[in-house]
Amino acid sequence: MCGIFGIYRVSEASKYIYFGLYSLQHRGQEGAGIAVFNGQKIKYWKNLGLVSEVFKENILKELSGEIGIGHVRYSTTGLPVIQNVQPFCVNFAKKTLALAHNGNLVNAYQIRTELEEEGHIFQTTMDSEVIMHLIVKHLKEGLVSAISKAMYQIRGAYSVLLLYNDTLVAFRDPWGFRPLALGILNGGYVISSETCAFDLISAQYLRDIEPGEILVIDQKGIHSFFPFKETHFKLSHCIFEFIYFARPDSLIFKKNVYLVRKNLGYNLYKECPLEADLVMPFPDSGNYAAIGYAQASGLPLEFGVIRNHYIGRTFIEPSEKIRDFSVKVKLNPVKELIKGKEVIIIDDSLVRGTTCRNRLKSIKEAGAKKIHFLLSCPPIKHPCFFGIDFPSASELIASKHSVEEIRKFLDINTLYYLSIEGLLEAVGELKDKVCLACFNGEYPIEVDYSFRKDIIEV
Amino acid sequence: MCGIFGIYRVSEASKYIYFGLYSLQHRGQEGAGIAVFNGQKIKYWKNLGLVSEVFKENILKELSGEIGIGHVRYSTTGLPVIQNVQPFCVNFAKKTLALAHNGNLVNAYQIRTELEEEGHIFQTTMDSEVIMHLIVKHLKEGLVSAISKAMYQIRGAYSVLLLYNDTLVAFRDPWGFRPLALGILNGGYVISSETCAFDLISAQYLRDIEPGEILVIDQKGIHSFFPFKETHFKLSHCIFEFIYFARPDSLIFKKNVYLVRKNLGYNLYKECPLEADLVMPFPDSGNYAAIGYAQASGLPLEFGVIRNHYIGRTFIEPSEKIRDFSVKVKLNPVKELIKGKEVIIIDDSLVRGTTCRNRLKSIKEAGAKKIHFLLSCPPIKHPCFFGIDFPSASELIASKHSVEEIRKFLDINTLYYLSIEGLLEAVGELKDKVCLACFNGEYPIEVDYSFRKDIIEV
Amino acid sequence: MCGIFGIYRVSEASKYIYFGLYSLQHRGQEGAGIAVFNGQKIKYWKNLGLVSEVFKENILKELSGEIGIGHVRYSTTGLPVIQNVQPFCVNFAKKTLALAHNGNLVNAYQIRTELEEEGHIFQTTMDSEVIMHLIVKHLKEGLVSAISKAMYQIRGAYSVLLLYNDTLVAFRDPWGFRPLALGILNGGYVISSETCAFDLISAQYLRDIEPGEILVIDQKGIHSFFPFKETHFKLSHCIFEFIYFARPDSLIFKKNVYLVRKNLGYNLYKECPLEADLVMPFPDSGNYAAIGYAQASGLPLEFGVIRNHYIGRTFIEPSEKIRDFSVKVKLNPVKELIKGKEVIIIDDSLVRGTTCRNRLKSIKEAGAKKIHFLLSCPPIKHPCFFGIDFPSASELIASKHSVEEIRKFLDINTLYYLSIEGLLEAVGELKDKVCLACFNGEYPIEVDYSFRKDIIEV
Amino acid sequence: MCGIFGIYRVSEASKYIYFGLYSLQHRGQEGAGIAVFNGQKIKYWKNLGLVSEVFKENILKELSGEIGIGHVRYSTTGLPVIQNVQPFCVNFAKKTLALAHNGNLVNAYQIRTELEEEGHIFQTTMDSEVIMHLIVKHLKEGLVSAISKAMYQIRGAYSVLLLYNDTLVAFRDPWGFRPLALGILNGGYVISSETCAFDLISAQYLRDIEPGEILVIDQKGIHSFFPFKETHFKLSHCIFEFIYFARPDSLIFKKNVYLVRKNLGYNLYKECPLEADLVMPFPDSGNYAAIGYAQASGLPLEFGVIRNHYIGRTFIEPSEKIRDFSVKVKLNPVKELIKGKEVIIIDDSLVRGTTCRNRLKSIKEAGAKKIHFLLSCPPIKHPCFFGIDFPSASELIASKHSVEEIRKFLDINTLYYLSIEGLLEAVGELKDKVCLACFNGEYPIEVDYSFRKDIIEV
């Protein structure tokens, strides 16, 4: 997962991009970058680290200009690959392009192999590089035509920002997997993965970049192109953006995330109305569904675990084993609240199950009489090929185990997953327009299961 | 405000102190220090910064030993004074002492002047240095006697940990201003400002160090002394620890903080039962009282503003003025939730009023129809001389202005402060044992209003 | 200028590369990188900064393997471009290549334009990327053939290390511009820009990679190829490596740098035998020629200026103007030595002349009666197209001004430049094999004067 | 060893002190501090680290004022003790003092014990704290009287700067162990351990603070006091300042260090005139004596080992043993120069002998036929009680071993130490005014051999 942010004709563009990326930091903490057109050429700066670590006042000053794009990149395991930090910048016959991409292609590998046979070479493991090659290949025919041809070839999730000298382009896959919103600011334009970035800089939300749309902003104004004439693409907004990924104060796919999450909690109660002493979230992931469940049930909501806000990146480990140390260092149960109580705990999702099991164990050790654990999404059984960084199927606990087996593994009284129906009901009018592949395995685009990302990793 | 933590006869003492201080980090972020007796002498390390910044694995290894104390120090404005970071360590005729102090004395300046006239010199601006001088002065008469004599002279708030070679001592002022709790761990002892530190390291809470008690832990065991024979001291637990300062998962003065805060919210409803669309806290300070108000009222609780978790220490400022930037960079209102609604906002306290006014303004700009702002404590009108770092009276908004004037300044529909009665009712059996001076000016000890801390500042 | 280092079949390859790069740090301080083949794929790590800043113990551990290459990159002005840090790594149809390059091509831009017309895209401003594209283009014909074809096309200076899975290749331009040496270590091989890197790790120098040679080291052994059948290439070793760039303890082009520099001083005396009280170098650049001059003349050598070893990267500037501050902060004249004396000062070269003028001024202010300033190289009048980062001709003081004009500008008694003959004599048998273009404008390869590097800069 | 620097009535005092300390950095790298009187009170900042690390532009700005002092502290083993970083600041009855001290007292422990019996407490292990206590004790009698009384009591080496509100005082022990020089700058005054600090800021050297002098600079001007009426103090300038410690471009004890060192080399030749192929120093410590030896002998001077300038603080170690790694990482022999040669190596001193042995071994391995190792000082047999941080006698190689034994240990052909006569001859008119205790054990003040510094270490 990543976050992207673009700006057109706003003075001190690099500072606004900085603030925008800062608002999107939850979408990626591994690396950050900004590219700005300074009137003559594109200058950029990027590196591993948080936005506030990568950029300092003097660097933003060097990145002078009024048009630019930025990117935050998600964390991976192992050594982070500095080459993969975006924006991805290339020179092409005295012209320069910079590209920031959120999403994942399913046929990047095939296209890449074909391009390599034509003599192209690749320096990163990013799908984004494939998109860039395709655009450049056709650039002589004009920018919109080149992007269109690229879009005809690539399949998968892509919300893309492209800087081509003083032209800013946004385009989005026809399935609409990842969000992308357009706003106005001081007579200029801003584009962001999520609208929470608009709020910080006091920009106004205008509309979404539509699935399949190419939006060009240049000196002549703002132009919209729809290269796909057919309309057979099934809209497939990533429902996991609502469940977990996006910030609750954002509008994505034109709906507020907070309200959807609350609906998930409502529906959870409709499906699984339990009696208990209290409802509590695992913070902050379960907060909003817990609100919904509590309001629907009339049960009291409590903050049964307290989060330590001073967790740094590196933390000294105890040499001797301290019970539940790794859990308690982040989340400490409020014993006086939990002791002797029957508690309903709400969380947004369960992936591997191991961290969660430790958390639940610490609740039990705090004295809970009974634990009912409710999840505001259905069992995640299938990997995502469109940008959510789930582990492989074999590591997804729900892929191999029944709900009852998982309940036993978690060692709790009740385990309940929201149904797919309950999930869909929560997104209202979008219910036919979402991707549910991680739950039901019905991928909106054919995917190659044998594909493993790391094969081509440098 | 500060946090202190001590340990006796637990292997890898410095690591446990590190974890303890880490749990107490909310009590002070300016500096941290650890002193450990290594069998022969006391070694220590301290510096400006967060616990995780000041200590690294190799430093903790150098601080080998089984007995030690630690301290976290609060933030001040201006250049932080490195000399004031504790523990405070001295040599005295081949013996070494280390002292960690939480609280503030009201007669430190007088004692200091007297000591200076006797030829003593002072290197810091800490009250703690005065305590140390007094103890050392009488040390020949024995440790307990020396501490007793010091306690007879000093007046004010002091929860102190003292390391004297391989002896660990804890002592607390007879008014009981600041908390101090005793626990056991693997056959050894731990002492902490708050019990949340016990939870992290799986220690068991035993009891509080009592007001006026000197607790000595040495090779012969654990010994308790009560130097004050009289019983005329009015117990004066700092009620602000409950309102704002302590962590909600802690037990202080033998009561859980979370439950007290929730009671404050209950009582707020009893006193000020409003109709509205929703109840929301300013996070995280208002969370627990908001829970109480919502449960009492039956109104829905919502998280109307979202907190950005990636705020770093330094943040680049916008050059142009962005509306409410400094508020929104930390807290962003969820417009879809607030727009057109009548909202009750709960916070724990109002000091100067300026930050709060900006926060409320951002709620209004998010579209709130009516704003009712409720505070879970009475108006703060008087400075604290016992360790809470309020500004001077002239900067306390409630000191000069009526509630109605403040309401107009904040530009909201309703402003309500919890009454002193409502506050006392929330702490139950402690209601006669708390200090209310910041609300009613009735200082449990006579204070010198003309005293200004910075006069003696180096 | 850059430094490169490679290793084949030595356990803990990344550590040895680290030490090798550390020895080559004087060849580039802007960035550093290491790529290692771990048995399955190539992993790499690179970033801006000194070798000791970019690499930490844990990173070297992640770069496990026995075969690898590394690179240090020189400093530029403005924002350093992270993308340009080498090794340069690409994926090509499941194979991975990594390349480290020292030197500069003169026809990179033309080739690049042609490649772009074929659809290739470029992400950096490095010539190295052009070499990589050409190799990959022909890789199907076999590695040696592909490299040969690349070498047929490119013109200019290139000493290159290439890692292709578990094969290590070194190749060098037929003019032999930049040095490259082969050594053995524990039964494996090492290749380095300079032999000083061999000394540190106790490797034995074997021989140079020859001009025009492709040296392949793989499981079958070590193989040498010479793709150019013709022998019309004029050997053109960069004489500036001897004058200034290489470390004095290195062997380059099979000659020790220290001894050559000393010869330069000898010859300087032969051409310009002056009387004076003492001979002194500007440290450390003039040290070795000063030794030569002193020995030839019999005049006493003195260290007339003392270097401060604690210069950091950033230094606080005085607000008020302090006389010669920027000079004295690095080099302080020893007044007692200089006062009233007639001094001969030796330095290795004069580029812009401004820094030098300030240094000479500080010598005069220290009381020198007469200053004779002697340079151990001829006037630098022409830019270098082969890797030395001279400024453009207009900034080279000797390009526009006569020796007498420069002497007046420097405000000294004597200014003397070593003659080209004196320079050639100092390198002995290499005298017909060196490039003198920066002195006489006779470029061994035709260059395009209109070419400006920054045109294609991203 | 330490360095001190003071300034009176110069605008931006803290910046000048910063530059002064920067010039004195060679006298101490563990910590640095600056205290400035801002018109009302003394503000200070100090921490562990180099001057350039401890101070940033913003901190210097906070330290506004025209009068101030600074200190750099030497490196010790183990955890550096932050409390010991100077200036040492105290409050005394609304007045504040700051003190910076270079030197070591021999009766600090006794005085301290007495003061402790009077009730004084000590927070550091610095002698400086004892001086401060004594001054404060008598301060009521007036500043000069108080300092005089302190000087009557303390014995040992002390060059001290004292800031007492807006008065700057310098005083120096009557034996004159450590240097201290007075200069003028822009109508104000500067005082420094060495005059190299004056050069950087373009101050003019005026005179030395005399042994036994108290120099007071205040609003009324500059006043000199000599509290010791007797004249029986034997002048005892530390000769090791000339041999090793001070910067060669400094004037100390009114003599230039460089010229003294060169004399040492001359005398070394007079005493030990050897035939050989070349003379070389171990850089940079042996540079100046090597110059002297070479000039006296007529033998060629060469730089036989090259120093790596990029040594950082932490350096990754090889896992496998690389021969002479720790030597070569700093100093690499120039094999081409040394191979088959008979070499005379000059160094300034030999303490433990182990590092030196490794260095000599690397010279032999580079192919030297014969090695003659000459030291520009006599054998160091006795510890220093006056501020040079030699190890205890048992670790001083010359304390237990004859010259012949040391020669065998070093495994070289010749080992020669300069005689005491040769040493004295080199300092000319100062020859009756130096301390030779480390060579001949004749301490100018009675010392207590049983005293061990670390006994009182916290």
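Worth pointing out:
As written, the chains take the letters A, B, C and D, and residue 1 is the first residue of each chain.
Just so it is clear, contacts are C-beta pairs under 8 Å (C-beta built on N, C-alpha and C of every residue); 3 or more make two chains touch, one makes a residue touch a chain.
A quick note: this is a predicted structure, and the numbers were derived from the prediction, not measured.
Any chain that touches subunit B and also touches subunit C is listed here: A, D. Hopping across touching chains, the smallest step count from subunit A to subunit D is 2.
Of all chains, B has its CA centroid at the greatest distance from the CA centroid of subunit C. Averaging Cα coordinates per chain places subunit C and subunit D 38 Å apart. Computed from the mean C-alpha positions, the centre of subunit B lies at a distance of 46 Å from the centre of subunit D. Not a single residue position of subunit D touches two or more of the other chains.
In terms of inter-chain touching, the protein chains here make up one closed cycle, each touching precisely two others. Interface note: chains touch in the pairs A-B, A-C, B-D, C-D. Across the interface of their complex, subunit C is touched by residues 11-12, 15, 18-19, 22-23, 25-26, 29, 50-53, 55-57, 60, 196, 199-202, 247-249, 251, 256, 258-259, 287-288, 291, 294-295, 300-303, 305-306, 308-310, 312, 314-316, 318-320, 322-325, 328-329, 332-337 of subunit D. Chain contact summary for the complex, subunit B toward subunit D: residues 41-48, 59, 62, 78-79, 82-83, 88-94, 96, 113, 116-123, 125, 132-133, 136-137, 455-458.
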